[in-house]
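Below you'll find the structures, each written out as structure tokens.
The two complexes that follow have subunit A in common; it is paired with subunit B in the first and with subunit C in the second.
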Partner chain A sequence: MKTIFAIAGVVIKELYRRKDFYVLFALTALITLAAAAVHFFHEPNIIRYVKDLCLLLIWIAAWIITIATTARQIPMERESRTIFPLLAKPVTRGQVVLGKFFGCWLASGLALVIFYLFFIVVTGSREHYWPLLEYFQAILLQWIMLGMLTAMTLLGSIIFAAPSSTVTIVLIAIFSIWFLSPHLNVVALHNPEPMRDILYAAYFILPHLEFFDLRERLVGDWGLVPWSACGLAALYAAAYTGLFLLLTWLGFRRQNLST
Partner chain B sequence: MKKVSPGYWLALLLAACFTLATLFVPRAGWWNNAPDAAHWNGRSASDNAFRMLLGDGRKLFANEFFTMADVYFHSGYYPSMFDAHESELDVAAGAQGKAGDSDSTSDDFLGPPKNWIDALGRNFKPNKHTHLDAGGASGNLKTSSVEEILPWLKLSAEMDPQKIETYTVGAYFLRTSLHQPNQAEEFLREGLRNNPRNCEILFALGRLYYDNYHDSNRARNVWLLALKKWNALDAKSKADEKLVSEEITVNLGNLERAAGNDAQAIHWLEAAQKVSPAPAALQKQIDEIKAKMAEPSSSPTNSAR
Partner chain C sequence: MIDSSEFFLYENPDESTVSPTAMTAILQTQKLRVEFRTRELRQPVKIALQGLDLQVNAGEVFGFLGPNGAGKTTTMNVLLGFVPPTSGSASLFGIDVRQPIARQRIGYLPELTYYYKFLTAEELLRFYAKIFSLSRAETDKRIPELLKLVELEHAAKRPIKSYSKGMQQRVGLAQALINNPDLLILDEPTSGLDPLGRMKVREIIQRLKNEGKTVFFSSHELGEVETVCDRVAIIHQGELKTVGRVGTIMGNYPTLEKAFLNIVGYQPQTAP
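Let's look at the complex of A and B:
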């Protein structure tokens, strides 16, 4: 466990050395503050469009930070040949995978907390309403989802040749899953066989990111989600995360590192 | 030849760009066929940044933004592009004089959960049909107010200044729920500047004068002007705007009735009967006024006579 967290610590340090987070945070802050500065019909309490915009930017920024951070971990270790002294410690390949996973996941969690702090301060100062438990639920579920995304990106990083291609492919995949997977069952109904069965299978196989997206509930003040539902969503994410990590470990175990 | 620094070249290029911009921008409005309203307002059409950037394509966004106002009106409980949609948006119901939406399909557009994923997913989405003017999802009017739809209506108006519904719906909520008649009047006047021949906006302006400012004279004048504009429409447009004509004449009839001009009231209600889908209800009102006219007057002046 110590080894895993030592590797994770290095990844977290890497996050604050790189510019990705700062640039994305500055962009999010700038766009949100600019949107909040606009007044409509002299109504000072209008806030939901700002919340909506800020949460969307946080989602996109969190994806980019997580994917960009994770995608380069193993390829960079190989390219700079630091993987060899690391594996000679002795550290197993499974520990490397787990260490990289926890590092990236914790780093994305830290970034997420900073983004949400900004969000809470901006919206709370405008509407003077602080539903902290709802915000905690939203952060927690989004972080759990980022764990799934981290594992998926790690798997991509050992399949695809370069970090850039991993980032592009995983981003496209995650956007498609986010947009389509909740509706595939409805789309399936309007298709003839065998397309219907294929779409239904995809509906059940693809991860459902809508379980972790509380943006609409936060914007519309819908209150807390039942904790039992949150628990089920966490189990669902844990299953996918475990599966992706297992596949990553299997792939990484067979990989020839010297080429 | 002396070598010139790239910085000077850059400064020269920027100066040239600025000069060309000052030359072309005032002309660009005329190239884009500035609408009547822009001329009337003394501004070039290029003043609207969206028009400059998107051209006529911005009208596509206007519909989307108007729908977003309806999404916010329902606090996010709204069919996606994959679900069945309503033909009429609830957010416009009040401005069109329709009460509630008891026959709305929004109530159950989701239907029963189709599988366990669907059932679990509904916990994380808005899952109840509510309206912002009744407090939204929390039922608390202090935290959930209808003002939240206004940015989308404003954007919709910016994108398509000819979309009449935007002005009437925005003004309706500003003057009723938000008690901001001044802002409502300003928004309607903006609509009128962009659509000087529109009878719906004039009708909404008349309602504002009558209901909020209690200024019967201005309301009467504006409604008469609205009726004049309606009469100037071609046959097809008249058929499309039949409801507006009915609303104008009925409201004129009620105004005259309240002012004690019973003969005028009957005149307007009879005019309304010609376009109304329910003339019997209007006939009842006419009969009531006639009966009142036939009664011996009980006012002190007439009693003295």
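Let's look at the complex of A and C:
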């Protein structure tokens, strides 16, 4: 575990020493501050929409940070040749995959907490309302979903040659899954066989990101989700994460590394 | 447990001083063969190494020479577990190189040294120390020692991205020594360095030799090899051409370079 966390530590250091995180944070902060400003126009209903917009922005910014950070990890190790002194030590490729995974996942969690803290402080100070447990649940579920996304991006990073290709393909895949997978069962009903079965299979195979999306509940103030449902969602994400990590390891261990 | 194997070493049969000597093999390859399959259809399989037998003994500085594409780097890649052998075997301290534990007592310096540029030298060394599970006290003691050895104390807190090529090579050497290894594998350690940088790296290798470390290194700088190596092996087109003491290989040639060119079959072109 020491090795895995040592590798993860380097990933986290890389995140806070690069500029992309700060750019995204500044952008999100700007729009969050705009949300705070709506009170000045005495429009109590509009704040919901702006809160929704801010949460959507946090949701997407977290995706971008996670995907961009993860996609470059293994390819950059190879391109900058840092993988060689690393693997020349008693480190297995499995430990590299797990170290990168935990590093990116923890880094994305850190970014998520910073985004949410800013959002909570700004909106809370305006509304004088602090549903902290609801926020905690939203962060937790979103972070669990980011774990699944991290593992998926790691898998992409060993399939596609360039980090930019991985970022583009994973982003397209994740947006498609986000928009389509909740509705595939309905679409399937309106299709003849064999398309119906194919769509149903896709509905059950594709990960359902909506299980982890509590934005509407936060904006509408619908209260807490049962913790048992959170636990089930965590297990659901763990299964996909494990599968993606296994595939990543299988692919990475087969790759010849030539200096 | 890591153990060493005892065996009798026979030098190149071409040599006049063939003497079986009981020695401790630190690094050994037996009938090592590596083939690379290309992705293109109908392309022949590329044979990078064919039946390589090598033995490096404890405490010696061993030079591994050959022209570009001879198979030196492939041999190192196999020894470090980056490339699996097609057939034959390779071991470090008697342990198959495919086992990560075989790399517990080695230090490796790649040819082109790039490290995490956003880290400082101290952070980089601390990271590698963690990988070797060194205690905090040991790490705190070892890092200043190594930075002093490679003359980087003044730049310890600066990010590696601000280092010159020579400094990067020296931080590479420091990371290779973090675990106080018994065997150092150096892939062209002085490549691209200025004469001063080369001399510093040579001095460090000499110092390590005096400490009883085993050094296995490849180089194109034959003058340097002549100076620091006890024994050398010359490889060409994936085959071992000769192995033996520097003086023996040089024979009647004035320099190792001349002997090397003769062994690899270099024919100087005459002007028409």
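In this section, the second predicted complex is superposed on the first by the 247 of 259 C-alpha atoms of A that agree within 3 Å, B and C clash if a C-alpha of one lies under 4 Å from a C-alpha of the other, contacts with A are read in each partner's own complex, and residues count from 1 in each chain.
Note that in this section a residue touches a chain if its C-beta (ideal position, glycine included) is under 8 Å from a C-beta of that chain, and two chains touch if they have at least 3 such contacts.
Predicted model only: the values in this text are computed from it and were never measured.
Novice: Do subunit B and subunit C fit side by side on subunit A in the superposed arrangement, or is it a clash?
Specialist: Superposition check on subunit A shows subunit B and subunit C fit without a clash.
Novice: Who does A:Gly124 touch here: subunit B (first), subunit C (second), both, or neither?
Specialist: neither
Novice: Once the shared chain is lined up, is A:Leu214 touching subunit B (first), subunit C (second), both, or neither of them?
Specialist: First partner only.
Novice: Look at A:Phe84 in the shared chain and tell me whether it touches subunit B only, subunit C only, both, or neither; answer first, second, both or neither.
Specialist: In the superposition, A:Phe84 contacts subunit C only.
Novice: Please determine whether it is subunit B or subunit C that touches the greater number of subunit A residues.
Specialist: B
Novice: Please indicate which partner A:Gly251 is in contact with in the superposed arrangement: first for subunit B, second for subunit C, both, or neither.
Specialist: neither
Novice: May I ask for the angle at the C-alpha centre of subunit A between those of subunit B and subunit C, rounded to a multiple of 10 degrees?
Specialist: 160
Novice: In the overlay, answer first, second, both or neither for which of subunit B and subunit C A:Tyr203 touches.
Specialist: first
Novice: To be precise, I mean the smallest distance between any C-alpha of subunit B and any C-alpha of subunit C in the superposed model; what is it in Å?
Specialist: Minimum over all C-alpha pairs: 33 Å.
Novice: Please identify the positions on subunit A that touch both subunit B and subunit C, taking each partner from its own complex.
Specialist: Touching subunit B and subunit C on subunit A: no residues.
Novice: Spell out the residues on subunit C that touch subunit A in their complex, using ranges where they run on.
Specialist: Within the complex, subunit C touches subunit A at residues 36, 73-74, 76-77, 80-84, 100-101, 103-104, 106, 108-119, 123, 127-128, 130-133, 172, 175-176, 179, 185, 187.
Novice: Within their complex, state which residues of subunit A touch subunit C.
Specialist: For subunit A paired with subunit C, touching residues are 2-3, 5-6, 9-10, 13-14, 17-18, 80-82, 84-92, 256-259.
Novice: In their complex, what parts of subunit B are in touch with subunit A?
Specialist: For this pair, the touching residues of subunit B are 72, 75-77, 80, 82-83, 114-115, 117-118, 120-121, 123-126, 136-138, 140, 143-145, 147-148, 150-152, 154, 170, 174, 178, 180, 183, 187.
Novice: In the complex of these two chains, what residues of subunit A are touching subunit B?
Specialist: Listed in rising order, the residues are 38, 40-43, 45-49, 127, 129, 141, 182-183, 185-187, 203-204, 208, 210-214, 216-217, 219-223, 225-226, 229, 232-233, 236.
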